[in-house]
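Shared between the two complexes below is chain A, which has chain B as its partner in the first and chain C in the second.
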Partner chain A sequence: MFLDVAVWPILIFFGIIVIIIVAIIIASILIVVKIVRKHQKKQKALNEPVDVIEDKVQNE
Partner chain B sequence: MSSRIKYKMNSDLLLGLLLAAILTIVIESAVYWVRGYRDKDFYLVVLFINIATNLSLNLFGSIIAFNFLFRNGFDSILLILILEIGIYFIELIPLSKMTENKKRIRYSVLIANLTSMILGSLLLYIIQYII
Partner chain C sequence: MMWIHLLIDGISVSTIFVLGGNLGTFALAVISYDVLAFALQPLIGIIVDIKKIEKQLIVIGLLLAIIVSYLPIPLLAVAIVIGIANAMVHVGGFSVTYQSSNNKMGPLGLFVSTGSIGLGLGVLFPQLRLAFFILSILSVGLVIFFYKKIQFEGDSKSQIKYEFDVFPIILVLLVVLLRGFGGSILPPLYVTTTVSSFTLYIAMFIGKAAGGLIADKIGITKTILFGFVPSIVGFVLFPSSQVPYVLSLILFNFTMALTLYLTIRSLKYFASFAFGLTAALLFFGYVLASGFKEIVIVEPWMGAIVIVASCAMILLANKKIMNKTIQGGN
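Here is the complex of A and B:
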């Protein structure tokens, strides 16, 4: 046997913890990307000249 | 080693990770508040980017430092410093997109990270010593 039988439960425990932490890290990065994109869209809409917005409304 | 000692080691490790993340978020948010950032979206980015970077630093940093490469205390501190420099740039990318004044955010991120690194380490040491 590669490792003592008593070691496996600890390894499995740490493995699960590492997987959960990696999942939290990936989810946090995705949330950050989403918030930044939303913020940039908001800023772009705020900075857009009034005549462009009027044109868009007329086209719709 | 008895099972009680093993359980205590595992819970200490998780408690340390959680405490480090909470302390970093609280200290950095306080620094940004003092520097005049009041936007809700900005704080959401601070919260999630710190969860990602702090957990990565503590998890991968400790795995690399204590299991594979470095066994000496000075080398571990050096590794943490190098990782912190990387974290500074990783945090700077989304936060600079959230604000107009790029020069101010560069200083703010630097101050926030230095404060959280020094104060966070000290507080974590004190809290773990008390517990």
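Here is the complex of A and C:
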């Protein structure tokens, strides 16, 4: 074993903290990505030409 | 907002240090406080960017900290509530500062700088808790009094165009992570007293405040090359001498406002989230360094690598980000 046994509990403790922080950071990034995608979809729908919408309505 | 930042850090840290307790509980309380105060900021930042509730967060956060600081409840509960309150005030205060900053780095640096003084006073002189308590009550009153004057016009939703360049964002965030890491693996090697420790907090305050103001005058590139890079000298060659070390600490903190500014520019419309993300990554770097120090003997040259790598990444990120924008940089 390359490390002193006494160091392991400390490293595990730091590991848990790291996992918590990383999880929160990733969650926040995913939320932002979701918001951006939702907004982009809305914008795309708003910018869609009228004739395309009419075609869609007719097809339905 | 600088004042509010100083107060929230002061009252938070002094309360935890005054309550104390046995070593295990105290350590758990400090860690819980730090994790909540830093890691929650990106999530709160998103709420602020969308709902625009920065003023409410400042008032509620400060009130929470004031109430909890003298409540007879267990230390861990105090630490948890104060951690959440701290994150709320930080993000709220930053949002108000940013919206009145007129795209300058100076105000951003000034806002983040006073946290060092609050932290230093809270850690080294926790008996100041009562003073922080009284001043916080007065400041909540002031914020409520000027509530309507703190009003900003946001972009209408239809005007918003989200365009993100991921590579420079990653570069800047890596610099922030390295600063948290480097700041922790580069402690002074001279014997510290209360006064010399407080000098370190003052140095951080000066560095953070000056970095933004100088960069507004001479640009990011010159500030990095003539400010940040020379910090190697004190850290690597004279870690045992107080004056060179303190000077290097001032220069090392120059990047605080710069990285914050670059992250905000890259994540436009999500400024508070950008601020929260830098805070969370700074703390993440600090935690990584704490674990790193348990398994590796830290040498001063490691600090030099951190500074050189940070310098290269921040210059590259600045070039990429400023190519896309008009203001700032050089």
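In the analysis below, the second predicted complex is superposed on the first by the 50 of 60 C-alpha atoms of A that agree within 3 Å, B and C clash if a C-alpha of one lies under 4 Å from a C-alpha of the other, contacts with A are read in each partner's own complex, and residues count from 1 in each chain.
By definition in this document, a contact is a pair of C-beta atoms (placed from the backbone, for glycine too) under 8 Å apart; a residue touches a chain by one contact, two chains touch by 3 or more.
It should be emphasised that the depicted structure is a prediction, and the values quoted were computed from it without experimental measurement.
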Partner chain in contact with A:11 - chain B first, chain C second, else both or neither: second
Which superposed partner A:21 touches (first chain B, second chain C, both, neither): both
Contacts of A:36 with chain B and chain C, given as first, second, both or neither: both
Chain B and chain C footprints on chain A, overlapping residues: 10, 14, 17-18, 21-22, 24-25, 28-29, 31-32, 35-36, 39-40
In the complex, chain C residues that touch chain A: 31, 35, 38-40, 42-43, 45-46, 50, 157-158, 160-162, 164, 267, 270, 273, 276-277, 280-281, 283-284, 287-288, 290-291, 294-295
Touching residues on chain B, where the partner in the complex is chain A: 6, 10, 14, 17, 41, 44-45, 48-49, 51-52, 55-56, 59, 94, 97-98
Touching residues on chain A, where the partner in the complex is chain B: 10, 13-14, 17-18, 21-22, 24-25, 28-29, 31-33, 35-36, 38-40
Touching residues on chain A, where the partner in the complex is chain C: 3, 7, 10-11, 14-15, 17-18, 20-22, 24-25, 27-29, 31-32, 35-36, 39-40, 43, 46
